[in-house]
Amino acid sequence: MAKVRTFRGGTHPPGHKNLSSGQPIRRIPAPELVIVPLCQHLGAPSKPVVSRGDRILRGQEIGAQAGFISLPTHSPVNGTVKSIENVPMPHRRTGPAVLIETESEDGGQVFEPWDDFRAHSREELIERVKLAGVCGMGGASFPTYVKLSPPPGKCIDTLILNGVECEPYLTADHRLMLENPDDVILGMEMLAYALGVSDYMIGIEVNKPDAIKLMEAKGCRVLPLMVSYPQGAEKQLIDAAVGREVPAGGLPMDIGVVVQNVGTAAAVTKAVRDGEPSLRRIITVTGGGVVSPGNYDACTGTLFSRLIEESGGYSDEVVRLISGGPMMGISLYTDEVPVTKGTSGVLALTGAEARDVEEGPCIRCGKCVDACPLRLTPNLIALAAENQRWGMAEEYGALNCMACGTCSYVCPSGRYLVHYIKKAQDAIRANRGKEA
Amino acid sequence: MTVTLLLQTLLAAPGTGNSGFDVGRMMAIIIAAIFVNNFVLSRFLGICPFLGVSKQLDSAIGMGSAVIFVMTLATLGSWTVYNLLLVPMGLAYLRTIAFILIIASLVQLVEMILQKFSPTLYQALGIFLPLITTNCAILGVAVLNIDEKYNLGYSLVNAIAAGIGFTLALVLMAGLRQKLELADVPPALKGKPVAFLVAGVMSIAFLGFAGLGS
Amino acid sequence: MSLVKDLTNGIYRENPIFKLALGMCPFLAVTTSVENAIGMGAAATFVLICSNFLVSLLRNLIPSKVRIPCYIVIIATFVTLVDMIMNAYVPDLHRALGIFIPLIVVNCIILGRAEGFANRHPVLNSVADAVGMGIGFTLAMILLASFRELLGNGTWLNINVLGPGYRNQPLLIAILAPGAFILLGFILGFFNILEKRRGGGQR
Amino acid sequence: MAKPARFELGMSPHVVSNQTTRKIMFDVVIALLPALAAATWFFGPKALFIVLISAATAVLAEYLCLKFMKRPVSFALDGSAIVTGMLLAYNLPSGVPLWLPVVGAAFAIVVGKQAFGGLGHNIVNPALLGRAFLVASFPVLMTAGWMAPEQWRYEHDNPFGTHAIAVEEMAALPEADAYSGATPLNVLKQTFDLDASAESARSQGDVAEAGILGERASSIRAALYSVSTYRNLLIGRRGGCLGETSVILLLVGGIYLVMRRVLELRLPLSYLGTVALFAWIFGGSGWFNGDPVFHVLSGGVVLGGIFMVSDMVTTPVTPRGRIIFGLGAGLITMVIRRWGGYPEGCSYSILLMNLTTPLIDRYTRPKVFGEVKNDG
Amino acid sequence: MAEMLKLGLILMLVALAAAVALGLVNSRTAPIIALQKEMEKQNAMREVAMSLSPGDSLAFDSISVEGLGNPFASVDNTLEIVRVSVPPDTSRIGYLFIAYGKGYSSTIQTMVAADLTGSVSSSAILYQQETPGLGANVAAPSKLIENYSGRSAEGILLSKDGGGIDAITGCTITSRAVTNSVREGLLAMGDAGLFRTAPVIAEEIPAHQDSCDSEEGAVVSVDGPAGEGGME
């Protein structure tokens, strides 16, 4: 195994991954009613192109791309459009979705399958990724085709596949790498081809030795990484993997790097090799709040409640339901929300597991300063924000914060640092808007 | 010849023909003026600017530099006038009037000169200069130098060191106040009361320098 | 009516120390004993009254361009007078107040009142204002000095109050520099609370 | 199996580490216990009593302040007041009257801590402020209340006990002085005084007298800089503030804190290292012949280095700032020891550096990730 | 231009009036102040010198000895010394001098009466601004300065510095300042040869038993009656 790398700062919350890491991915058939959100990606929501009563086919476009940073949305089933309405979304607000009554789940191969992607041009490949609606599956759901088309002048030389999965509890990427390594590797080659880079690799933390071994056995270049949160954040991953710092306020492509999640790579493979748009994803359902945690392959628009059912339902002590991981995920008051392309996990936490401390005053212990991977001083930003001193918060670098939650996690006083910092970011941006 | 005579006169202790400048004593004066008998924290001179201009670090530094500058000039002017003019003419009782007029016109002069020849410096120090005329630290250092019977050399050293001590207290205060702005100070103590408490705490800490250099 | 108002103005409503925060240095420096406080208060009040009187008297004769220098000269004259008189008749007090007597010149209560009040008001009002401000200044000094002398020395106006046991082991810090700052801080805080109570009651 | 009607909402992250302020504070209390045992052993049950009174007063004062200001009184039990009270007591001579810790602890909490907003907002170390307040208010009690170790077990017949400070040459000093100044640093300071007297005798031409005085100073110093003194300093058999004497037991507490990840080593190491360096440079009678071992072991620098320089509330949060703080405090400690009015400069050095903490924090804020490259 | 002249004239007028007023008052108060100072000093001198010859009325005349330095004295390098005698006899019975010592927060002035053998017969603090309740205690009739009596320069040294005088508790700085200034004054006078013999232990020679004889010391000037040769 190659040298184990890591980045400076960060923390090491208990992983709890063994709850679900041994559970093979189970494919869940589409439910009778799928609720397909039109804004599963970052950017402008797609515009609905179907209407009530329309009969549609699996893979058919139901929402059209609505701008540069936007993507089309496809139906995961054959069926009838029941309605188009605003529904609760995993990010706690509501958003437009197409409700479809499922009839069946076959077909879905809407594009021409390419046996050899190298027989096609890069532009064709990128176009295919766009038409297939592939967006990042690692968190931000950023349209992947945008990342593959750097503006002229930017020269990309490195592609890093993100198999880190540093959030505690989550095992979806891990299971994907174990059960479908060929799709991941092929997808990585396709992405590399699209970017025109020859230097590509996959970063995996050493708490997934089986995945590292398997990937290496398949001839893939693996960078083993020490276990540390938030190593999966792209700036930290790039720092750990190739030792380059993304400029503050800049993008990875500014230093010639593109990072893509392993799930994104698998989705690209499906789109290019099989001609199938992005319709399903792998989700971990876990936490002490469900009876039997597991990993599932579900179509977008499946309700969380359905996934919970598959996992044996809630245990008695459940108090908190989270979309995503415990560090950055969003807590929900209801489980009647649909899976999107970006849903990496559904976490049901018991009272013992979930945060249960009263907030105290900052004792200036400096743990947050030591831990912040971006070298901010979260305690000072938060104090400034609490006192509505937005200018001071900005001076302290509030806008750089990526909300990874490391600081709040380590704070012995239980301060809601990320919350305050986000408030400062909103206020600073609002002020800027006013000035502009 | 005349120059040496003049220098000798200037460096002499008032009232005698001796000149003297002992490095050890100079060090003692410096340490005393900055730390042990800090103007603000132990002698209570210059409290108003200390409270008024310590809200922001930048202005504290500006005010501090202006005070050092004017203190030095005022000492030069007042010492010379007192020992070479007032005392020989038997007008020592006009000391207070003379000093305050010297300081006021010096500040005016400095302001004009700065404005003309160094607009950047004027920008930095200018707003503080008028405040300084009625700052008792300046008049205080001039009077103290006479009371302590320092010769011109010691007087200048004392003035510069006193100014540095003032600046030190001011800058520390500014830092602390900026920290306290984000603190959960009880509402009744917000503002001036807590500023005095900070000064008191600083003053206690400075007691640690007691006896230094003696 | 307005004379009374001018007189009481400085005692509480615009107390130079507690409300205006002017003349802090002598205030903190000489309040080590009530005796000193009274002495300083008397000296400053004398200068205040004389300078307000003279400034008000001459206000129409002195052109505004040389106003400030003239005031400074007037104030400095009275300060020097006080200095000489105290030195002659109360030498001990003169020694205790030390450098802070000449520093009355730069005490901005005095210049402030000359410029801000006497310059625009008739002689009688100006004197009333000066008396009020002087009393306000003196009372404030007596207040702080009482705390400092009592705590730091066990006496009040040199009268032994707290007994020999306490005087053996007094809270020395009260008459040292830190004690002045800290006690003043708490006195101001106390006034804040009072003010809020009053304000709350009115509302 | 029941599904809650509504899940609780919370802000991310939804999990936190298991370190809490209260746990940290009680870890410090635990780490302070070995030294308390030493204090009780050497200075008698009264030492224990002083610590208890001080800690109790601190908690009570905190409770009353919180109540008066209508803030949650539960904060009074977060442990920080206990730490403040204990550390204040550790900084007192064991011969003080029992009302002294009450006055000191009340001042420490009311003026040093609550007046600025309570835990986390105070600008200087409350325990040290309490001590400095007591020194300024009751200088005689605070500088003459030393007891010789184990004296309490030998009744009053022999104020020195058999061990005293274990410097035989001390007998050469006049009894009264040696008794009231029984701490090792007091003795060292007296050798500097002797040096000064020798110097002035020499300048007046009295070479013989100068020789005798100088001789005496250096023979006392030789006794101080010796293995037997080091041994006594390590185990704590010496005069001094009641909690500072046993270096070994203080270190045990320090190691516990490091293991519990409460103590961050940058501050203690830079502080103690700086003390050692300047002790060597000017801690002796001339230049470059001081004894770093003696200086580090004596006085309160180990107590200060482990428990007070590391009070995070009043020291910088930034990594570089912590090192600078330690450097500054170490330098001031040694300057006061060598040239100041007090034999020991540890507490004032920390107080003085506390004043600079906001400035240090401001000028040592780390460069944000990615900013270095931006400059280039 | 005329405007400027007018303004200048007014300012001049005000200043002139001020100067005249002050000059007038000064001419009244200056003598009182001088007298006051003199009285204070005379009283102190009489009180301290009394110990040299209790019951007698004394006469003082000051001498100044060049080369006797004290860095904190008002007059550099010259220790002003007053000769004490019992009129009508003009022979001296001892000396008075003021020692200046830099203490904790002030320069402390101590008036010392020494007999002709160089041993202190009495002393008093003239001026100090030390910490009240602490260093200021030296001025209250304190054991510290009482302890000087009967000792010559040799014996006037703090125990801490190897001598036999105990410092006031908690006031080493003040105590040392006073003690050393007195000691240095005595030593300087001894060096100038003002004492009849080399200083001896006081008990051996009874005080004021000798008459005036040779003053081989570097006496430069002998002023008239006390009061004119200022000891300020």
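Just so it is clear, A, B, C, D and E label the chains in written order, and each chain counts residues from 1 on its own.
In the analysis below, a residue touches a chain if its C-beta (ideal position, glycine included) is under 8 Å from a C-beta of that chain, and two chains touch if they have at least 3 such contacts.
A quick note: this is a predicted structure, and the numbers were derived from the prediction, not measured.
Path length between chain A and chain B in the chain contact graph, taken as the least number of steps between touching chains: 1. The chain with its Cα centre farthest from the Cα centre of chain B is A. Relative to the C-alpha centre of chain E, the farthest chain centre belongs to A.
Relative to the whole-protein C-alpha centroid, the nearest chain centroid is that of D.
With centres set at the average Cα position, the gap from chain C to chain D is 42 Å.
Chain centres here are Cα means. That of chain D falls 44 Å from that of chain E.
Computed from the mean C-alpha positions, the centre of chain A lies at a distance of 89 Å from the centre of chain E.
Centroids built from CA atoms put chain D at 51 Å from chain A.
Counting partner chains per residue, chain B shows two or more touched chains at residues 93-94, 97, 184, 186, 189, 194, 197, 200-201, 204, 207, 210-211, 214.
The residues of chain D that reach two or more other chains are 111, 115, 117-118, 120-121, 133, 136, 139, 341, listed in rising order. Annotation for chain A: residues touching 2 or more other chains are 361, 380.
Chains that are in contact with each other form these pairs: A-B, A-D, B-C, B-D, B-E, C-D, C-E, D-E.
Of all residues in chain C, those touching chain E in their complex are 32, 61-63, 65-66, 69-70, 73-74, 76-77, 80-81, 84-85, 87-89, 91, 152-153, 170, 172, 175-176. Across the complex, chain A is touched by residues 181-182, 184 of chain B. Considering their complex, residues 69, 111-112, 114-118, 120-121, 123-124, 129, 132-133, 135-136, 332, 335-336, 339-342, 345, 347-349, 351-352, 354-359, 362 of chain D touch chain B.
Residues of chain C that touch chain B in their complex: 21-22, 24-26, 28-29, 69, 72-73, 76-77, 79-80, 83-84, 98-99, 102-103, 105-108, 111, 173, 176-182, 184-186, 188-190, 192-193, 196. Only residues 57, 171-172, 175-176, 178-180, 183-186, 189, 194, 197-198, 200-202, 204-214 of chain B touch chain D when the two sit together in their complex.
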